Structure formats: C-alpha cells, structure tokens
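Going in written order, the chains are labelled A, B, C and D, and every chain counts its residues from 1.
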Amino acid sequence: MDKLLEVKNLTKVFSLGSISSRIRITATDDVSFYIKPAEIFTLAGESGCGKTTTAKMILGFEEPTAGAIIHKGKLRTKKEKVWFTEGIQAIFQDPFGTFNPLRTVDRYFFETIQNFKLAGNKKTAVELIDRKLKAVGLSYEEFAGKYPNEFSGGQLQRISIARSLLTDPTLLIADEPVSMVDASLRMSIVNLFKKLKEEFGMSVLYITHDLATAYYVSDRIAIMFRGNIVEMGTVEQVLMQPRHPYTQMLRDSIPEADPRRRWRGRVNLNETEREEYLKQGCRYAGRCPLVMDVCRQEVPADIQVDNVLVKCHNYSEGVIA
Amino acid sequence: MKVLRDLLRDYRFTASFIILCILLAYSSLSFFSPIDPTVWVAIARDQPPSSQHLLGTDSRGIDIFWSGAFAIRNSLIVALVAGVVSRFITIPVAMLAGYKGGMTDRVLMFISDSFLVIPLFLIIVLLAVLIRENLSLVTLGLLLACFGWAWDARVIRSEILSLRERGFTQTAILSGSGTMQLALKEYMPFVTPLVFATLINVMAWAIGLEITLAILGLIKLDIPTLGTMIFWALSYQAILLGRWYWLLTPVILSVLLFIALYWLSVSSSEYLDPRSRIQRVGQSLRA
Amino acid sequence: MLFIRRYLIPRLIQYVLVIFVGITAVFFIPRLLPTDPVARTIAELRSRGSYLDPASIDAMVADLTEMYGLEGSSFDQYIAFWQRLFRGDFGVSFFQFPTPVIQLIKAALPWTLGLLLVTTAIAWTAGILLGGVAGYFNRQGWSRALDVLAMVVRPMPYYVFAFILLLLFGYIFPLFPVAGGASIGRQPSFSWPYISDVLRHAFLPAMSLIILGVTAWFQTMKLVVQNLNAADFVQYARFGGIKERRIVSRYVIRNGMLPQITALALLIGQIFSGALITEIVFTYPGLGTLLYNAIMTGDYNLIMGITVFSIVAITTAILVIDLLYPLFDPRIRYN
Amino acid sequence: MDKIILTTRQLKAFYLLDIHGRQKVVKAVNEVELEILENEIYGIAGESGCGKSTLLKTLAAVVEPPLRQLEGKVIYHINGEEVDVSTLGDEEMRRLRWEFVSYVPQGSMNVLNPVVKLKDTYHDFISSHVKGKSQEETFRMAKAYIAELGLPAEIMGAYPHQLSGGMRQRVTIALATLLRPKIIIADEPTTALDVIVQRGVMQLLKDIQQKLQNTIILVTHDMGVHANVADRIGIMYAGKIVEEAPTEKIFSQPLHPYTQFLINSLPKFGDKTPRQSVPGSPPSLADLPTGCPFHPRCPQVLDICKEQMPAYIAAAADHKVACWLVEEENGQAA
C-alpha cells in the first residue's frame, strides 16, 4: 500500500448568510493529493488559501461539498461523524487553547484511554501515558494534576502530541503547530515529527505557512493558493527551484535569518491586494509577472514537470520548458 | 473557606451575605411562630409597635413581625421555584442552541427572542386574571419559571457558542468524547457561574413580579407574602391613617432583599467568572 | 443590495413572525386554561353582589360568548380573531359598555407614549453619557461613588421604587401631586398653566422611570467602557496624544453606545412594562391605569385589547430601533 | 560619533499585582541599559514573555498601574538636550507623542476607531498636535503624505473594516509617521501578516526611515525580519538585554549561549542538518531564578552563574554581552 491517505477532488463551498441571501465562498477547489506511509507531507500557503479547511475535512469537522477522502483504501462515508479518530489524530495551532483551562491536562489522557478502551485499569493507563509522554521528552510525574497554565507553549504542544499518540495513529495532522511557539522551542516540536516518522513509521500532514520549517522537516510539499494546489513535489524541487510564479514570489519574500541574504528588489502590494476570486482563469493572473491572455480565460491544467505538479499555463503552453 | 475569604474582600458580597443571613434567620423564625398569619382578628387590631408586638399589629388583627417572617419565607419559595425550575429550561435550550447551531439554534433563539420582545408582564397578568384563585406559591413560581428563562438562555448560549470554537472542544472530540461528555465536562465549568448569577437575577425578578401581581390583587391574597402585605396595607389606607409600621415593614424587607440578591449576584459572578479571572492572571503574567 | 438582503429582510421577517407568534399565544393561552372567561365574568359580577336570575344568566352567557368571540370551533374563533384585529376591532369594554376597547386605548395612549418616550430618551442618553465618562475615568473617586449609588438603586423593581418616591414626595414632603395626569376639572389647552400642571403631575412618575433607567444604562455602559479602555484603538489614541475629551466622546462613547442600542431594542418590552406599573402607582391616566381598572373590574376584553395592542407597538418600536442601528455602525452599513 | 537619541539607565519596570490578596511581582524590565542612535533601525529580539512589550511601554513612557517604573531613567535627547521622561508632565508628554516618539502597533486590525472614516482618525491625530489648522488643511496634508507613500487616495474615505490587513497596517504606519517623529517604536508590526505582505510593510517602514533619517526601534520575535532590516540587535531574555551587536555580528559570531541557540535553531533553505531547540522553557517573570536567568537552561553553566548576574562585557567596541563564560575567556585571554 503506497497511499495511506488520499484526497480526491476535494471541494468545499461555504454558504454564508440567511435564507434570503447566500454568499458562496469556495474554500478549497478540486484539491487532490495523497500521503504515503511514513512520510511528512506539507500543505503550505498563506492565510485563507484553504489549507486548514482541508485538514478539517479530513478530520471530519467539516463536510466536503464534493470529493472523496480515502484512508487505507477505505472511502469515508458521511455517517461516520467523527471519522476514524483512532487512525488519524490531530494537534492544533494554539497550544494554550488545546486544553480546557479549568481542567487538569491529564484528564484528557484518561478520557482518551477510557473512550477508546486502551487500558484495563488505572495502572496500565498510567504506564501507557508515561510511555507516550517519554516519547515527547516529558514524564508522567511532571505532568499529573497540573493545569494548562502551568506549562509553556512548547510543553503544551508536546503534551498535545503525546495525547494524540495514545491511540497509536498512523497519521498525525498538525495544523500550524509551531506558529504560536517561540522560535527557540520550535525545533523541539518539528524534530518530534521526524522522530515519529523514523521511529514509529507514522505519517504527518504538516500544515504551515512557514516554508523554512517545511523545508527542514518534510519530504513532499504542496503549495496552495486561493483554494488550489498550484505546485506539488519534493521540498528540494519545489522550494529550491520553484516553478510556479506564485511559489517563486513566495519563496523570494521569506525573510531569511541571514543578513547576507536580504530582500532584493521591491514588491508592489497594491497589486497583490486586488480581488483574486476571479470567475474564470488562473487566480494568480491578477498579479502574475508572466501573465498571458489565456491565463485570464481558462483555469490551467495540472502539468507534470520533472515529477513536479505545476498548475500554470506557462508550462502547458510551452512558454517555459 | 479560601473562596469565602476571597469573596469577603468585596464589600458588596460582605453586605449581601450579612443581610441575607439576617433575613434568612428572620424568616426561619416563622417555623416557630406562635400565631397563624392567615387568621384574622385573633389579637387586638392596629396596635403600634410595642414589646408585645415588636412591629405592631395590622387592621386585620395580625401581628406584623410574624407575618413579615412568613412573608419573606413565602416570597423566597416563589423565587426559588421560579429560579430553579427555569434553569431546567434555560440550560438545555442554551446548550442545544449553542452546540448544535444551524437551524436548531435559529429556531430556539427565535423563541427566546420572542419571549424577550413581547411585554411579558401583560401576558402574565392575562394569565393571572384567569387563574387567580389557583395561584398558590408554587403555581406562581412555575408560571414565572415559564417566562423567566429566555434572557439567560441567550447569555449562556453565546458562551457555549464561543466555547465551541475553542481548541479544547476539538481536543475533546479527538479524545473520543461524545456530545453529553462535552457538555458536562468541558462546558459546565464555564457555564456554572453564569447559571448561578442568572439564577439570582431571576429570583429577584420573581420576587418583584410577585409583589406587583399581589398589589394588583392577582394572587391568593390570604397567603402572607411581601406583596400581599403591601396589598392589605394599601387597601386599609395604612399611609393615610398613620400606620406607617404596617406598610414600611414589607417595603423595607423587600428593598433589603433586592439589594442583597443583586449584590450577591454581581460580586459572585465577578469572582466566579472564569474568563475574567483567568484573563486577569494570564495577562499580568504574560506582561 | 446586500444590505437590504442581509439585514433588512431578515428583520422584517422576524418582525412579522414575532407579532404572529405573540398574538397567537395570547389567543390560545386563555383557551388552554381550565377557566372560562365567561364563567369568570359572571362569577366576578356575582361576587360584587349583583343578583342574577337564571334566565338573565343564560342570556348573558350567550352575549358574552359572542362578545369574547368564543363561538364555533377554536379554529373558526382564531380566524375571526385575526379578521377583527385587521379591522382594528378589539371588541367592546364590558364594564364601560359599550365603549369600544380601541377607543379607550386611544384615549390612554398619548399619556403613556409621552411618558415612555421622554423618560426613555432622557434615561438612555444620560445613562450613556454618565456611564461613558465614569467608565473612562473609572479610577477616580467620583466614578466609584456613582457606582455605589447605582448599585443601591439598580436592584429596585419599578413598583417598589415608584412607591418610595410616592411616599417621600407625596406624603412626607408633599411637593408634587401624587395622582392623575392633570388637575381635575382643568380643560386641556395650549396654555402655560395647563402645560405646567401636566408637567407637575408627570414629574414623579417620570422621575421614577428616569432614575431607574439612568442607573441601569449607567451600569451597563460603564462596564462596556471599562472593557473598551483596554481596547487597542483607545489605547492607541491615548498613545497618540489625542486629547482626552475627544477620546471620551469619539472613541469611547461612540463605540460603547452601539451595544446599548441593541440592548434598548431588547429591553424596550421590559421598560414598557415598568412604565405601566409606574402609572398604576401614580394613577397616571395612561395604559397602565387603564389596565389596572380592567383588572379590578375583570374586564377581560380590555386586558386582551391592551395586550395585543402592546405586542404590536413594542415589536414595531424594536423594528424601528433595529433599522436605525446601521446609521450608527458603518460595519453593518457596508458589509 | 553618531548622535544618541534615546538612553535608558538601569531601567527597572515591574508589574505589582494583587491577585485576591496575594502579592506578585513580575519583573518584566530588569536593569536595561540602552543607547539608541539617530538614523538607525534598532532591533529588539526575544520570545514571548521576555518583557519586550513592557520595555517598549517604558521607552514610550506609557507606564500605568499595575506597571511601575521602579528605578532608572528613560532619557530622550531632544535637540541635543537630555530630557528625563519621568519628569515631564502629562501635557508635555502628550505633545511629544507623535512629534518626537511615535508607535506602530502589532495588530492594526483593532487600533483604528471602527466607527469613523480614516480621514476622521487622521484628523483626530493631527488636530491634537498641530494647532491653528483647519480640518481641510490637515486633511490635505494627510492626503499628500498618503500619496507620497504610494498608497491610494481613496482609502481616506473608507472605514477600517473595508481594508485588507496589509493595507490597514500600511495606513497605520502612515498615520504614525505623519508628523515626522524622531523615534518610531514598532511592536511586532508584521506578525499577523502573510510573508508577501510582510515584505511590503517592512519595505514601507524602511523607506520612511530612509526619508526621515530617524530611528526605528523594532521589536519582533522573527529573526528573519531582524536579519533583513535591523542595523543593530539587542537580544532580550527574561527582562534583560543579554547581548547587543550589529546585525551581522549577532548572526555570524553570537557570544551568549542563548543567542547561539537561537541563531542555530533557525532552519535554513538548502540545509537539512539537524537543529536543536534551546533546552527547557523560558522562566516566568514572576519567579526568576537567581543569578543569570538563563543558567537553568544553559548547557555550559558555571557555579557563579547560579549566584550572580554577570555584568556587560565589551567583546568589541560595538558588541556587548552579559555572560560569565565570555568574562572567563576574556579573563584568561588577558
């Protein structure tokens, strides 16, 4: 089995407002990708690109408008309200909000064990919890009976990972797991993903806007823009030689922590803030430096260029080889 | 004990606590009352306060001190029935609307908004006019409970709505918690202070309405309550005839009760509200 | 336009629905109760000592049944009820027979409307301004003193508070008339003596509504503003050295009043009820006193009429406030 | 030598809290010494809870209870004169705001009055500082400035909620720099923004600085932003500035173990070698360890670190650091 999870043509349209008025927003549009076993796959993009909505659909927190989610070869049906949570677990952006501030953190561990019947008695439960906590560099003693505000953001995020490990999942969905964790502690989380992959054979769906950690940790990456995947391939290919004009722009704008490599050139922001939910054509056409007439007319197809998927007319039209 | 000590730092809590203790002690005297406050002219009428009749007697020949004790007890019974029973409507409605959202939420909130918007007083009067003989303490309490849940349901629902968006809701779902578990374990700790504070408000509201309805002659008038005491004092022209002690007793008792209940609600909800408390501590520590 | 579809239409639908549900409830509640208004009215008459022979009772039952619209099935009654309402026909008052209920309401309405509008406007505005300033300067002594004062007055129910004013200024210090809307025998005219007479009579009921109203708005506004003080745009304005007077008026009060407009819409029903009760205390000749007389005489039709009329009036008032709200909040206007 | 614009001496600002009767002291700014120059971008880097926001408050002289400035001074150098900020009256300080020291906040989302148009907000700020000008005049002035910065003129008639995040942040920067302040304090100005927008916003801030030749004190946790725009950087840890040097030196030869960890933990493109986080967790400012606050996390801790806070050592003329290790090496070298 080379696909642990596959997402096919996933589309989510939100309807806002009351009966008399509907606004339709396409959060994800025909998104397809797959994750292999023991792989770290990154879904990257700016805010509002649809990456979190994709994660929510995979977790069953949102119902897709169209498309299929296939886990271990099994199609997800609508009836399973909260889907195979044993096989798939998740951690979220805000470590301080992950646990109820009025309850001790260990309650969630015991509840997980109880609800999924993972241990017969308290003693085996504590052993199980301690084992999972050790895997993230903590221990039962320094955690039992404490409230969330007694931990730092980095610790909470690791506790959150330990909780998700209780059910021995095969896939961990991590939605912006380090964006609210201090830079000096980020690596302790990101390195954990590598450890989960290498030691437990787990896969991680890493959702982030931070391309530097994405490069560091992941195997393959998909860049999303306004609900579409515009480029997908290995991180070496996508981030070191970006092909899509959007990826190139994104890559150029990242402030690198190296004073010798400062930003060169200028960006024109007035251009970037134009309405980009065009009815037809490529959504990046409004500010693409390589824009052609066809870009404004037709949605580009997914083109394979050296094993990299690129959604750009410049490649299909042969403008760039 | 520590909680009580912390609360007593607030002058409003201290004052309301003391007033309520005194009023409760006074009303519990009614269990040992030497007189039956529903029997007329058992003793001399219109006596001014004296050592024998601490607050005098009224024109019906009833001791005012003792009927005051009964009045507080009975008014509190109405308030408690209205307050507690209305919680059984408020909490499920709020939880359901807040958690389910969508159509359920819209329908439930439309109903509660209608209750808020319509001049309830008139509807209650309309009902009371029709059932006035049967309007005993408990029926009155139940009647008020049917009308006193809407505002609180709205308040609690918006709390649930914001809790539903917090990260720990998702953590609980991923931990395999069902809807009931979520409501009881995750949301109840946040909602309890609100339930308590709104309970006290509903109680005060119920006592106020009891008084108003009684003055309009719309409840059983032979039960001594704060309202019926005022009703009788008014109908016997107590002010014009200089029998101030008759009217003043229920008026002062009810004012004390209202202030005590309100201050208790304000001070305890300020203390208990976990959001403001955590925010205060959290903010200062993050600095 | 988006605004009309997303704001206006939902509100109009809600308006119609609330009136429909409210009036339907008023129609059905009495019919679901075990007591029968006809039997009630007759019992009421009897308890007043009128002698009624069996024949006249039968005739009366028939008359009353017709008058209360109790003929036919519940559904027929319900349809007939609506038909009469659309004609503005609330039936006739039983104890001021045969004056139509609508006429009695029309006579009482100006008094209630005047009292309610003036006091609500004053109380709301004063409460917002005072609460806004006190909330901004919430560390100052006078702000705290006002807060304590409000904490004492706020919990009083309308009846009790009106009553205390009545005792204080009617009996102990008889400064103001305690009953009626104008002196008996005075002819209504646009002359100063008449107007001042009306104002003097309105003073105590108005004061009682205004004081209670101001404390309530003061407290909610003060709380809102205390939170606004920590809002980024207020902090930023202070950081930017904007003059305090301007911060209080344009930043704090301007923003803090928005939730108070919503609150006014939600609370107008309660304020209305309070005005009715206050009128009763001061026998002010508005809807409240009309209601009191109806209760005292068991005039069921009149109570129904006042209730139905009030539901429509209050719901309309709320609609008006809701429709005015976007004028103050650009986020609703342009979204 | 470059002229100094702002100095702090032994600055101590603590939060004195009373939580239900229990006293708590949060040592947010602890003995901070800064000398910030004219015409430079001074970066302050640190993690959440290190006291950098509080430091900005004291630099901007907005010290309100429960925050108290217990010791030390903040000195503005106004036209060559040294002015101790704490001696200024409310009105004097109010006038300095926007004309001498200005502020760009973190989330421009909420700093603009939501119920008035932007031109009214501009008017509020201008008219509170510039006397004797009509609303029209000030409005014209603002408009000209907006155009100068390359922002569309129509935005003056818009309400804040109608603008995108990046536009709002740029409008706020224009507002903050309208009166050509000598010092701009920028608190995480790009934190909530997407990278492309972030780049545009930083570009605007830099443009303004070059035009006005003034000083920007830039606080951000993002070392990438510091590397791109700052001239000098101060590294803040647990209420103290532990190291200060020109940007290149901070990145190429960090001396403090904390700085070293911080720099080395940053992932780089084209380099997948394993990187480690700083061990442990940052201390609570309400409960600081004795001696050097970094000693519980420091892998090279000495005995003296646990007892005494090291003083600043000048590793070079423009490079100072507070660490016993460096002191020891220097001592051995000497």
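Rule of thumb we're sticking to: a residue touches a chain if its C-beta (ideal position, glycine included) is under 8 Å from a C-beta of that chain, and two chains touch if they have at least 3 such contacts.
In this text the structure is predicted, and so the values were computed from the model without any measurement.
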Chains touching both subunit B and subunit D, listed by label: A, C
A-B or B-C, whichever has more C-beta pairs in contact: B-C
Geometric centre distance via CA averages, subunit B-subunit A, whole Å: 51
Separation of subunit B from subunit C, taking each centre as the mean of its C-alpha atoms, in whole Å: 22
Centroid distance [mean C-alpha coordinates] between subunit C and subunit A, Å: 55
For subunit A paired with subunit D, centre-to-centre distance based on mean C-alpha positions, whole Å: 32
Subunit A: positions in contact with at least two other chains: none
Per-residue multi-chain contacts in subunit D, two or more chains: 48
For the subunit A and subunit D complex, residues of the former touching the latter: 46-47, 151-155, 182-188, 190-191, 209, 211-213, 215-216, 239-240, 249-250, 253-263, 266-270, 272-273
Sites on subunit D touched by subunit C in the complex: 60, 62, 93-98, 102-103, 105, 107, 109-117, 120, 124-125, 128-129, 159, 161-162, 176
Interfacial residue positions of subunit B with respect to subunit C in the complex: 12, 110, 113-114, 116-123, 125-127, 129-131, 204, 207-209, 211-212, 215-218, 230, 239, 251, 254-255, 258-259, 261-263, 266
Interfacial residue positions of subunit C with respect to subunit D in the complex: 231-233, 235-243, 246, 250-251, 254-255, 258, 328-331, 334-335
Residues of subunit B touching subunit A in the complex: 166-168, 170-177, 181, 185-186, 189-190, 274, 278, 281-282
